[in-house]
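The following pair of complexes shares a single chain, chain A, combined with chain B in the former and chain C in the latter.
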Partner chain A sequence: MHILECQKLTKHFGALEALSDVDMKVRKGEVRAVIGPNGAGKSTLFNAINGVFPATRGKCFFNGKDITGMMMQDIVKFGISRTFQLTNLFPELSVIENISIASQAKLKGAWLPLGGSSVLAEAKHKAELALEKLKLTDLAYLPSNTLSHGDQRLLEIAMAISQDPLLLMLDEPTQGLSVEETQSTVDILKDLLSSGDLTVILVEHDMEVVFNLAERISVLHQGRIIADGDPEEVKASKVVQDAYLGGFEDA
Partner chain B sequence: MLGAYIGYTVAIYTGSFFLALIIAPILVACFGIVFEKLLLSPLYKRQDGGAYLMVTFGLAVILAEAIKLTWGADPKGVQIPEMLRGIVIVFDFPFPKYRVFLIIIGVLMALSAWLFLEKTRIGLLIRAVSQNPQMVNALGTNVVFIRNLVFAIGCGLAGMGGVLAAPMVTAFLGMGSSVIIDAFVIVIIGGMGSFLGSIIGSLLVAFVLVFGAYYVPDLALAIIYLLMLIILIVRPGGLLGKEE
Partner chain C sequence: MRFWLLLGTAILFSICIPFMVPYYAMTIVIAALIWGLFAMSLDLLVGYTRLYSFGHVASYGLGAYSSALLILHFDIPVPITIFLATGIATLIAVPITWICTRTHGVSFAMLTLAFAQLGYAMLFRFKEFTGGSNGLPGITRPAGPFGLDFFQSKIGYYYMVLAFLIASFLICRNIVNSPFGKVLSGIRENEMKTQALGYNVRNYKWFVAIMSYMFGSLSGALFTPYAGFASPELFFWLISGTVLIMVIVGGSGTLIGPIIGGIFFILLEHELSEITQLWPLAFGTVFIMFVLFFPQGIWGIFTTISKKSKSNPSESGHAHS
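So, the complex of A and B:
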């Protein structure tokens, strides 16, 4: 059963076709990497799936439900959570408050000021669990802008995880990290994925990270999927080498 | 101002000041929601602060005229309720009971606003929206709803202020603008976006106003602006605000 299915997803920005007829099927529990050179449309694909902007054409189904054109805030409630390429936090709030904002979103009701405090307690509890998974517990009460870049990126993952998503979309989780930070992020992600329930779509430039985590790889090039398969197939693919990997090694 | 007039009307009809204190803020908040939905929300996309200023200022003018047509141009006195008349002795000084009541209400409101912002889910969301609204939205919360709510609460509190002020200064046309300048100075002094800053700012402005008027009456009108000037020179972001 496919948890996510995109059919001919297309996005135009004026005359530019950033995504062209992208078909993608992701199985439940799969770890999928989306790779491609800069400007290939990776972030656009993420944004079109999770409702940052509507796709120009095409459809997206999540768990069999049509989520095309839905708003971000509603898509979260279906079970898709994501992180962003650029760090995107609430700088003056504490780490645990940052996560609580994420974890409260799916909790129901209690919009009343007084009822809200019990919801907040539940949100905090979920936040603590996520902190534990990401090994950030010691930092819980620091303002998020005092964290190192690496910890801030982990915090973003913690925020997404705290929503108990079915599908987690990570947009370059190791971008800007040192070698050691990248390694520890990969270790933490592997830990998270060990249960096998969570489906992940990952945009990543670091090929080592990709081959370390991904079970399947989709290669985007100029808005089109040019290859799709397991890591060995993709590595061996002539099209991919021409379009991407070859150029990458030269650089 | 609207709060004061509605409060006056409710107090006249029901004979209860306290009922006015509850009903007027709710009505003003409802009015605020309608105003926000109809006139302000179309402006959110424009990212243009000037547009808000013009629309709200325009509304203030219309509101003042509407009040004049409805209630007439002469000031409307509101009776201080029976139990708050008279004086109490505070540290050997006679003190009007109603002023003590106002001080208590002020402290209570400040305290509950703080608790609301710090300890509730909506409070957390309000603080988050003020820092990064797009992210709040991306995390699955309806930001428009939060904005509406904050606006309604603000209007409600303003309405309450109007009712509370009415017995002391009567409800009169222009009472709004007399408050708004002081409020502006307080926020600037305390620092934009700082809750504690605006409390400190309001106390500072109040003391400077009262003692300034007593000791240097010639400067009475200018004195809070001098205070603002000095603070902005020393701390351009206000007392607890951040420099932009």
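So, the complex of A and C:
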């Protein structure tokens, strides 16, 4: 059973075709990495799937339901949560408040304008669980803008997983991290994924991270999927090597 | 606990005010409370959602004219008039705020200003109804229901305004501390992220704008039976700026701060206007000083000092609001 299926997903920005006929199928419980040189369309793919902007053409199915063209806030309700390439937080709120707002979104009565203390308590409880999973508990009451960059990246993941998603989309979780931070992030993510229920799509530049985490890799190049397979296949692929070398030369 | 103690003290103090100040001064005290309520209503938008309305006078004017017309044409008892007028003004705000909250930042400010100006223009367009530039004089305070008439006296009216202010404050406080209020703080900090987390931010902004207009029109509705008239000045665009300054000087995002800001400015205006014609100059100076040196406002200074003197960091997160 495929939890996510994209059919000929295409996105134009004016004359630029950022995504062309992308077909992608992700199985339930799979950890999928999407890699590719800069400007290959990885983030565009993310944005088109989870409704930051509508795709120009093509369809997206999640759990058998057509989610094409839906707004970002509605897609979350189906069970897709994501992080962003550039850290995207509530800077002046504490770590626990950041996560509570995230987890509250999936609760009944998230909109209650009066009372609702049980909703708040449940949101906070979920936030605490997410904090534990990402080993951020000590930082719970600090304003999120005082955290190190690495911890902010983790906080964003904590916000996403506090929503108990079926599909977690991580846009470069180790972007801008030091070697040590990257290692600890990978360890934490491995821990998180060990249960195997969660489906993950991961955009990543750091190949070590990719080969450490991913079960399957899709390679994007100039908006097209040029390779798709398990890590060994992709590593050996001639097309991929060419694309990457070509990509860097262009840049 | 500390909050209720403070609130209780403030209420007790307010109840005693008519016994402490001369009778004529009550006029200005009532105005101060009405403006405190008006400034607090704007804080829901400015302080909690960071939506800068430049047309909040629309809520005030609509409330004021609604209650004036209800009393003039139907002679409805004052407390009922105030509820009805607030309801009517809020209903008018529903479509207007729907349009305004489709936008962000400067466009939001400009749209709210435009709608307020539209209201102002309509006062002159429908002269027979609104009295045009003469306004509507001769607003009384009809007695009832159930033979109630304590609010016909100035002191009685003061207590009624006080009751409305306290009730509004408690409701607003409940709103900003509710799940809904948490989402507002998300919108304030990062609207796009809030949407990405699964909230329909437009509806949240719409609803808080309606709430803000509702309490704003309540303050307007309280004004006319107190002043005895409604005039186009109650719809004048400068008021939107004045009330915004009250919110910022009082301390935005605290509810209590803007109430203090509103009261402070009305009393200041009263004192200064007796001394000099140039009192708006002092107004401006105070505003600039606060923006430069105390951006957290009067209430912000107060809470900072009380936190420092207590030096108990574990409690500090809980203390305010």
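Convention: the second predicted complex is superposed on the first by the 238 of 251 C-alpha atoms of A that agree within 3 Å, B and C clash if a C-alpha of one lies under 4 Å from a C-alpha of the other, contacts with A are read in each partner's own complex, and residues count from 1 in each chain.
The definition used in the following text is that contacts are C-beta pairs under 8 Å (C-beta built on N, C-alpha and C of every residue); 3 or more make two chains touch, one makes a residue touch a chain.
Remember, it's a predicted structure, so these values are computed and weren't measured experimentally.
Engineer: Superpose on chain A as described above, then tell me if chain B and chain C fit or clash.
Structural biologist: clash
Engineer: Thinking of the overlay built on chain A, is A:Asn88 touched by chain B (first), by chain C (second), by both, or by neither?
Structural biologist: both
Engineer: Pick one for A:Ser20: touches chain B only (first), chain C only (second), both, or neither.
Structural biologist: Neither chain B nor chain C is touched by A:Ser20.
Engineer: A:Tyr141 contacts which: chain B (first), chain C (second), both, neither?
Structural biologist: second
Engineer: Looking at the overlay, does A:Ala105 come into contact with chain B only (first), chain C only (second), both, or neither?
Structural biologist: both
Engineer: Same chain A residues contacting chain B and chain C, which ones?
Structural biologist: 50, 52, 72-74, 76-77, 81-82, 84, 88-93, 97, 100-102, 104-106, 110-111, 113-114, 116, 119-120, 123, 159, 163
Engineer: Using the touch rule from the top, collect the residues of chain A that touch chain B in their complex.
Structural biologist: Contacts found on chain A: 50, 52, 72-77, 81-82, 84, 88-93, 97, 100-102, 104-106, 110-111, 113-114, 116-117, 119-120, 123, 159, 163.
Engineer: Which bits of chain B are touching chain A when the two form their complex?
Structural biologist: 116, 119-125, 127-128, 131-132, 134-143
Engineer: Which residues of chain A touch chain C in their complex?
Structural biologist: Residues in contact with chain C: 50, 52, 71-74, 76-77, 81-82, 84, 88-94, 97, 100-102, 104-107, 109-116, 119-120, 123, 141, 159, 163.
Engineer: Applying the document's contact rule, which stretches of chain C touch chain A when the two form their complex?
Structural biologist: These residues of chain C touch chain A: 171, 174-175, 178-183, 185-186, 189-190, 192-201, 203-204, 207, 211, 317.
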